[in-house]
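Common to both upcoming complexes is chain A, partnered first by chain B, then by chain C.
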Partner chain A sequence: MPKAIIDVADVKVSFGAVKALDGVSLAIMPGECVGLVGHNGAGKSTIVSVINGGLSPHQGTILGEGELIARFGINAARARGVRCVFQELSLCPNLTVLENTRILHRHLGGLGWRKRAKQVIERSLDTMFPGHGIASDRIVGDLSIAERQMVEIAMAFSDGGIPPRLIILDEPTSSLDASLAEQMLAHVLRFVASGGSVILISHILHEIITTASRIVVMKDGRIVAERPAEAWTENGLVEAMGSVVKGEAHRRAIRDLAEAPVVVEQIGHGIPFRAKRGEIVGLAGLAGHGQTDMLMKLHASSGADWLPRRDPAVTFVAGDRRLNGVFELWSILKNFSVASLGDLASRGVVNADAEVQRAGEWKQRIEIRTPNMANRMLSLSGGNQQKVLFARALATRAPVVLMDDPMRGVDVGTKQEVYEIIRQEAAHGRTFVWYSTEMEEVCLCDRVYVFREGAIVAELAGDAVTEENILASSFTGVAA
Partner chain B sequence: MRRTVSADAIRLAIPALSLAILLGAVFWLQPRAMSYIGLNLLFNLAVPIALATIAQMLIMSVNDLDLAMGTFVSFVACVTATFLSEEPFFGVLILAGAVAVYAMLGVVIHLRNLPSIVVSLGMSFVWAGLAVLLLPAPGGQAPEWVRTVMTMKPPVAPMAIVASVVIAVVAHFIVMRSSLGVLIRGVGGNQRSVERAGWSVLAARAAAYALAGVFAVLAGISLVGLTTSADANIALRYTLLSIAGVILGGGEFIGGRISPIGAVIGALTLTLAGSFLSFLRISPDWQIGAQGAILIIVLALRLLLNRLENRDKRR
Partner chain C sequence: MRMVDRISRAPWIWSWFAAFLVWFATIMVTGGASTLGLSQAALTFAAFSIIVGIGQMFVITLGPGNIDLSVPATMTLAGTVALKLMDVDNAMILPGLITAILIGIAVGITNYALIKALRIPPIIATLSMSFIVQSAAIWTNRGLRIKPPSFLADFTTSTTLGVPNVSLVALVISVIAWFLLEKTIYGRWISAIGQSTPAARMAGIPVDGIRFITYVFCAVLASLAGYLLACFSGGAALNMGTEYLLMSIAVVVLGGTAVAGGDSNVPGIWGASLFMFLVVSMLNTYGLGAGFRLIMTGLIIISVIMLAGGRQPGAR
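So, the complex of A and B:
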């Protein structure tokens, strides 16, 4: 019996309180294409990072060819022919195609490397995408998105010293049109037939069913189902990704908002977006399918261009705290009040007493756990930092709150508290537009728009807001 | 298939064009500059500036900025005028040590994730202090061989032009053609992808800084070769001149988009702008402002062309 190229056993990875992988075992045999499906946060990207050596698991073993690999890392993985095509662009945009080839293949060096790199990448591009028309001396930044993705895929399949043996494709067809995607998948089948292995991640289920030889379904950091591809149907996959509906305990009461006026509106391709006064509108679907863009558009269309407005129309709660939420060097108080300084100031001077008083009220209301609001922001736990960001947004007079997956990495207790505050504020007439990657949160919303490939493909309201419906729309593009 | 005369060609065309226009204007104002000696005088001081610009460009290629360039070149000039001419062995040792310090800075900046601006600003005081310790008052003497090289009279073109071409070609080879250059620019373009390919970004950054150190040392030595003696403040202007030269030559502050040939042309343009203003009889008081105006015009031109180019791409 042939030995597995990579065999991960009982791998566990956790980020803070979040268990990204909870005991996953997966063996990739030569000559098979493993399809990997799951919703946001199921652990797909984490297991991929473990296999390509970018992340060392906190527990568990990794075997290559049946031998235990003690120090598994990027270089060990590459030496075994493991390659990865990432969802986001992972080429250097300032370099030419062949210079990128040089970066990827460490052993191409020495005099005349340009000629060798050109051969390596052009051979691969020619076999995968005949008639591609991409010159290898073009700068990657000048290529179209589809061309970049073609280069990136061809680069992973190219042979520059170490032949590729296991290729991980994370949403490889997202920017390719149908005929290019077909060419690529045909090449995957050829590669697998010649003894190579592929891990294929895609949100287009029929691609997976027709290409993969075995399909693994992940959910909440575990593998929940694993069968040969012939045994699956699209509906079967969608069902397997979902779970038995968790207790209905914190389900919202259905509210009648038919009479309420529309406060924000955005009409693009797909179903138009509208949110009414006092409504909690969820944006769902797989991560990166246009939800954040929608929030940005809403913000841009209702925010001021140049001069700040006296009465803000929208306010924003950022998801990536570190990147665009928190002022790390400021105190909690300053972090809280920065969005409402206009209200706290008279004639351009901030009224320090009013600032402290308002912060005190909010500290009590949302229970920010700190002895003193003058402490540094980073003295708070992640969850409490997020609460401060919520308080910052809610303390403004803006009638619409946009939220960009704000609960990432927040503990369960804090989440429940924030849900309660959101419900209260909504009852008082505030509108919330809430992008979340967590199913549980999306199910709290009055109405949900499901995104797929940059457009809204489904609108679910009231009792139709269920996990099955959302999964069905985000994977197959039709409302169930 | 689309033509490959791409963004890069346009990027290089603008600095080349501005240099040509300035040169034309100078010749028109002062026809006698159109000679072997005239050209040499015009571009003499461009050689050390071009070297310093290449050094700055290497730092900028990994998305950093070196604010110590001017004081470092001054320090090297002081070492050259003292140790390198009196005790060459010691002098070489000191300069090698200085290059090693540059590589170290790259390591520290990468490991501690420090902003390069802050580190290099701090280092600028260190270099300035060392320079003053070496030469409290202007003086020293250029080593004979440096003097000989810098005042050579090659046939056909004057030394300043020949040296600029050599600098451009060598830098182009290192940065644009060699594997190391690709790696350094790759770090500037997308550090994560370089890491994922299994390279050491730390080593790449250290190499970029060390190379920058080498070019800056050459800048200091060539400067003393021209001026025959040194002073602790001799090259303070080089910090901003080198940054302006890189940008003028089509480089960007971030993203690893740089052009060595453009950088040399940028340095030549900046030097020429000074002479041009003197020929116009603009008083030295106004010259710095006028030089700034020239810079703004050229950069505005580039912005305009970039925008046109982007519009084409979107179509």
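So, the complex of A and C:
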């Protein structure tokens, strides 16, 4: 029985209150390709970071070749031949291909390293992507995104002193076309056949099924299923990624909105986006597939950059509070009132009494937990800051509320309170456009648009808004 | 005690404290004989830095990277053109004032056009603008030194109830600026933009419009200061604005306005402007050489900033 290259046992990692990994054990044997699948935030990237030494687990052990490694880090991992290709390309764009090779392979140093680096990278590129046409003295920044991805992958598989033994590929084919992806996957199979190991992460399920020898499904920081690849089907994977327990408790009643007028519209490539009066429209799909861009477009198309508007058409609730939500120097009161100052002022002069009164009403209504609204915004907990941002948006007269994953890092109790407010406001005729990375929230919406690669690929309404349907559309890209 | 506590936390208190100390140290040397004269001179000369400094403060409040370096050139151009137009004629005072303000508006518009349309950073845009404006001033001036109309010359150099008239003008402008910042939507908005421009945009604030108005406002205040300064000093000179470049920034920083933006402070501008004048006169009174005087000025400014920098930002 050969020993596992890396064997992590009962690893736990938490970021604040969020458990990113909740007791994960995974052993990678020589000569196997492990496929790793799961929805956003399932913990795939975290387990990868633990294996490549970038992140120390808060609990659990890491064994290499059957021995306990006490001080596991990036250097220890690299010395064991662990390599990683990340989703976000990690080459230095201002250097040439071979200079980047030199950075990865420390043993190439000394006089004449350019020649050695050139040999190493070209050999690897030639085997993986025959006829690639990438000269190794080109600046990485001048290469196309696909070429860069090819260089990055070839570099991970190249041998410059320490032979690669375990290669982690995180969405390696995302910027490669079909034939290049095939070449790469064929190389993965050859590499595995010669005794190397690969961890393959991809949202393209048939790639995983055809390439991997074993598939591990993650959900909420745990491994929920693990079977040989032959035992899986695409549907089986999608089902396994979905939740086992259904949160039916707070499902909204289906409302008839067929007669309601359309209040916002955005037509791009893919299915056009429309939202009706009083509707809660969800934007779903994998993170970073164009949902935030859609919200920004909706905001920009009805926003005003030069002249103040008396009747704002849309208002926005930020998810990234620090970046585009909170004004840190200000009190809670000023943070609350900033979007509705027009209603609280006459001839440009703010009516302080009206401001305090309005803030008092909202403090009661959504229970902002502070003794005094004049306290600094940053004295509040994250959840309460988020409530203030909700109050800021809801206190305006704007008929459309855009929400950019606003529940990030908010505790469960606050979430339930806010869901209730959203339902009430929608019943009174407000329209909500809600991007969320959490399934549970998307399932609260009347209608859901599923995004893939910057476009809407599916529209689900009423009873069709289910976790299975959303997962199916976001992975396969076929309209359900 | 709560009162003392609150005042000691106010960011402007340090510049006032420093100004008072220096004032006291200077009159002590002269045995109190120069008290009135020194105070009046301080108020007069500080008035110009206050007017320019307030404009600069509004721009700096807009957040990191926002600064107007065209201030000195704007002062010079407004001063020279206005004096040439008025041509020692008391009847032309109002047209002269209006011309000065129009020059300010034009410079402000061009500044923001460069920043926005050509996407040049404000520091470069306003610096290049200052070269253009300064050349325009040289071209209109042609070495002439025209005296101001007699009424204006008298007004800017005399006092009302012992208070210099120019400092009264500065007081009126300061009250308006304070009102704008603390009580109006405009003031809230520039503070919001200074704290976080993306957040301000998402909160529905017309970011470009507000920044534009602010750059114009700064240039108008600079041209007004140039107009008054030219009348006060008996004629416009091509180098009359030079010292106000650094002065306008120094009084903003010393006055406790956050350099990172979002937090501005009108009283602090007064303390800092008085202080800047008084330090120089104190060192003059002590009879120190020019080089040593500059070193001392630098050291004193650094110590005031260090003192003021130790403050805890309180609830606002």
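Quick note on the criterion: the second predicted complex is superposed on the first by the 453 of 480 C-alpha atoms of A that agree within 3 Å, B and C clash if a C-alpha of one lies under 4 Å from a C-alpha of the other, contacts with A are read in each partner's own complex, and residues count from 1 in each chain.
By definition in this document, contacts are C-beta pairs under 8 Å (C-beta built on N, C-alpha and C of every residue); 3 or more make two chains touch, one makes a residue touch a chain.
Keep in mind that what you see is a predicted model, and the values were worked out from it rather than measured.
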item: Contacts of A:E367 with chain B and chain C, given as first, second, both or neither; value: neither
item: Which superposed partner A:R106 touches (first chain B, second chain C, both, neither); value: first
item: First (chain B), second (chain C), both or neither touched by A:D293; value: neither
item: Partner chain(s) touched by A:R138 [first = chain B, second = chain C, both, neither]; value: first
item: Which superposed partner A:E65 touches (first chain B, second chain C, both, neither); value: neither
item: First, second, both or neither for A:G348, with chain B first and chain C second; value: second
item: Chain B versus chain C as contact partner of A:L329, first or second or both or neither; value: second
item: Touched partner set for A:R376, first chain B, second chain C, both or neither; value: second
item: Touching partner for A:P93 - first (chain B), second (chain C), both, neither; value: first
item: Shared chain A contacts, counted only where both chain B and chain C touch the same residue; value: none
item: Residue ranges of chain B touching chain A (in the complex, touch as defined); value: 1, 4, 6-8, 177, 179, 182-183, 185-186, 188-190, 192-199, 255-257, 313
item: Interface residues, chain A side, partner chain C - complex; value: 299, 303-309, 312, 315-316, 318, 323-331, 334, 338-339, 341-342, 345, 348-350, 374-376, 392, 396, 398
item: Chain A-facing residues of chain C, complex; value: 183-186, 188-189, 191-192, 195-196, 198-209, 212, 258, 262-263, 313, 315-316
item: In the complex, chain A residues that touch chain B; value: 52, 54, 74-75, 78, 84, 86, 89-95, 99-100, 102-104, 106, 108-109, 113-114, 133, 135, 137-139, 141-142
